[in-house]
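Scrolling down, you'll hit the structures one after another.
Shared chain: chain A. Partners: chain B in the first complex, chain C in the second.
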Partner chain A sequence: MSHLQELMQSLRTFEKETFKKGMSLVIKNHEPQEIIDQIFTPGLDETRNRYYQGEIAIPELLLSMQLLMDLLSHLDIKQVGRKRGNNKIVLGVIEGDPHDLGKNIIKRMYECYGFQVYDLGKNVFINNFAEKVRETKPDVVGISTMMSTTVSKVSKAIELIKMESSSVNVIVGGAFMTAAVAEDIGADAYAESAAVIIEETDKILNKTK
Partner chain B sequence: MASVIDFTISLDISDILRSLGYTNAEKSSHETMHKIEEIENEFSNIFQCRSIYRIVDFSLKNNIELLTKTGCIESPRIISLSQKATRLLIGLVTLYNFDKTECDDLLYGYILHGIGTAAIGKAVDLLLNRVELETGLHTSLPFSPGYCDWDMTSGQEFILDSVDPSVINVNVVPQSFIMLPVHTISFVSLMGTEEMDGTPVIFVI
Partner chain C sequence: MEVLKVLEKTKDKLKPMERVLLTLKGDEADRVPVCSIGAGCTRLVTGISFREFSTKADLAAFALIAANQLVGDDILFPFVDLSVEAADFGQKVIYPENTTAYPDYEDMLIKTVEDYERLEVFDPTNSPRMSNYIKMTRILVKRCGSDYPVVGFVYGPLGVLGMMRGVESLYLDILEYPDKVKVALEVITEVLKKYTMALCNLGVAGVCVDTLPASLSGVSSQAWEEFEGHFVKPLGDIIREAGCLVINHGCGHAPYFKEVKRCLNPAIVSFAELPAECADGVELKDMYGQDMTLMGYVSTDILYHGTPMQIIEESWKQIDQIGKGGRFVLAPGCEYPPNSNLLNARAMVVAAELYPKRKEVEER
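Up next is the complex of A and B:
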């Protein structure tokens, strides 16, 4: 088994120490682009798919992303091509809601896939989303809420964002969101979980190209 | 009059794994198990919960409203289950000394949250068991506002008008009705002489 195959295997079995040892060997013996193409991208896609299929749970998804980001941090990023390097995302949990665990998982997923993320945090005032849009000119704004009582604020935030920039896309998620609610409040897309966030984001990005 | 009770919770690994979303314990990795152990040890597997509850009489109006002295519940599911009930328990349970400030390790944060959720769920079970022993009545599974067919806003208003959250140091965010500490559950449970069946609909923190 090659170093690359061994590293991929330790990622599949979530063996952190083995992965870290294998990572050193791979970095020493392979070009950064080869590592991205043969480990990072397929490893991320495979892990996300396993989570989507119910084969693994969120802790293993997080662990895999952590290992892959650790690998990435050891590569000279300027030497490697990342598919979505120019896409910018503003993320935040709406005003009145302190639940940011889901948003943080989404943020990690975006970072793994190479998006440039501006994280506004939790309990974000509705005006702050529009202000960040003005400042950073993102492709997408992601808003999350876990509560039904804050959905109206998401709606208001979307209105302000669209007033600031009609071309920016808004994607929403959270426990009380559904595709129907997302449409009602004027969002461009809805993501049910971290497993589908990249596909949903790509769909709206491709639509606006 | 409302009663306040403290609970000390110890968790089984199966409680924690279920809370973390595992349907099959074999699926959890060595690293996940290690993190769980690390957090359990940090708290010595002792989680402190505080509860406040009140048991009240109720009446039904046209089989669409459940009325108490402090308000009403309009949830077809709860109304349906109440046909066999004679009293209503209204409760709040919170896990204190647990919330942590920002944590960079997402895996650690997720597991910590799962452990908190498991602990608070177990505290609700203990409270209901204790009330059953004290009153000799059966309790239904807990129902939380925002789930099933019970509206979040009116449900939270009903509960918070019935039991004072400040007594157990729970703060409620205006308008959104989010309760802090985050690991806090508001719920009602129907009580009666017959066993209460019904789908468990508890607030997922």
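Up next is the complex of A and C:
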């Protein structure tokens, strides 16, 4: 088995130490673009697909993305082709909600796929979303909430964001969200989970091209 | 059994306790029982704050009883919030004005993997939040226990640990430091055993063990059995030995019914979504509804945003699929949305009341 195959295998079996050892060997012996094409991109797609199929759960998804981002940090990004380098995303969990696990997974997913992410964190005041839109002019704003008590604030945040920039797209997600609720509160899209966030984002980006 | 035979003959005017008993037995009562899982929302009935609801047993009990009378629920399911157990281990909790209490995620009790070994067993009957919950449940059993099944609530050990470590860190630790995580789970389980026993001793009809991570929104099914299933098993045994019903609640995506059944063997399972192996409610009933009572699964977002008429339609759809042959309690998939109007909870009860008449109209 080649170094690249061994590294891919350790990613599939979530063996962190083996992955780290294999990573050093691969970086020493392969070009960054080759690593991106043979490990990073297929590894990420496979992990996301396994999560979508229910074959792995959140811990494995988190660890895989952590390992892949670690790998990426050792490569000279300027030398390699990354998709969507120009797409900017503002992310945050709405005011009153301290649950950021879902947002953090989405953030990692976006970063892995090459988006430029501005993470506002959790419990973000609604004005701060609009301020960040003014400052960074993103393509998409992602708002998460896990609670029913904060849905009305998501709606207000969307209103303010749209007042700031009518062209920015807002995508929402979280335990309490559904496509119907998303539409009801004025969002442009809804993502059920991290497994579909890239497709849902692409859909709205393509629509506004 | 004699009592049940008599009930069967008078089932057009059953009391909540009788209705639930018949349903659990696998018979169709006068109507499907309803449990709206009203927790934080019940405080709206008496005008108390979220903090008071979480920390003042008498005020919370009064709110729960008042809401029960307004809504017409058949089961008193006194859930307060998910921070109760973690708070008594020493986790700092925030009590906001407008929403449910939660741990201070900026100041987690378990900051490093070494901290897993620092948890200590204590007596929950003397700790602030858990003893307050016991006191509240005692009031409910005393006031309502002969007419309504009152159900105690225990958050499962993996969920409690998540409230003290942060779910993201805990989930990564499960893969990287499994033995350290298990040390903490052992200690938490010891406390939960005492807590469960104290609740059973009050004379509750059942105790609900919440296994939130037992779904694809949580950990893998194998990891769940290893890191929670194994630990909740003794809780189930305690509940059964006390003569109470083992109830399970899990509101994640694609819940692990098979694994939960193997580890906890609940008499009632409360759920928000169908397990991956079931395409619809009919399949769910066939697969799991023969020896377990299914409790669910009106979506909380419809309860929050929908009209009472939409709730009635949705409830009828679920009764159509799962209600036949008893062993079904109509309920939300999770806690009734805490700041929502209770009218939609009442609509669920109305739906259950109207359902037999609707069938008559259809058959004419």
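Odds and ends about this structure:
We take it that the second predicted complex is superposed on the first by the 209 of 209 C-alpha atoms of A that agree within 3 Å, B and C clash if a C-alpha of one lies under 4 Å from a C-alpha of the other, contacts with A are read in each partner's own complex, and residues count from 1 in each chain.
Following the convention adopted for this analysis, a contact is a pair of C-beta atoms (placed from the backbone, for glycine too) under 8 Å apart; a residue touches a chain by one contact, two chains touch by 3 or more.
Every value quoted in this text rests on a predicted model; they were computed, and no experiment measured them.
Three-chain overlay on chain A, with chain B and chain C in a clash.
Once chain A of one complex is fitted onto chain A of the other, the partner contacts of A:Met147 extend to both chain B and chain C.
Of the two partner chains, neither chain B nor chain C is touched by A:Glu199. By the touch criterion stated above, A:Asp70 is placed in contact with neither chain B nor chain C. By the document's definition of touching, neither partner reaches A:Glu34: not chain B, not chain C. Residue contacts after overlaying the shared chain place A:Asp45 against neither chain B nor chain C.
Looking at the shared chain after the overlay, A:Ala180 reaches chain C, while chain B stays out of its contact range. Shared contact residues of chain A with chain B and chain C: 14, 16, 54, 56-60, 62-63, 66, 96, 98-99, 101, 104, 147-150, 175-176.
Interface residues of chain A facing chain C in the complex, by the touch rule stated above, are 14, 16, 54, 56-60, 62-63, 66, 96, 98-101, 104, 122, 147-151, 175-178, 180-181, 184, 193.
Within the complex formed with chain A, the residues of chain B that make contact are 20-23, 27-32, 35, 106-107, 109-111, 113, 146, 152-153, 156, 173, 175-178, 180, 182, 204.
On chain A, the positions that touch chain B within their shared complex are 13-16, 54-60, 62-63, 65-66, 96-99, 101, 104-105, 108, 147-150, 175-176.
Per the touch definition, chain C reaches chain A in the complex via residues 94, 96, 98-100, 102-103, 105, 167-168, 171-172, 174-176, 216-220, 223, 253-254, 276, 299-301, 304-305, 337-340.
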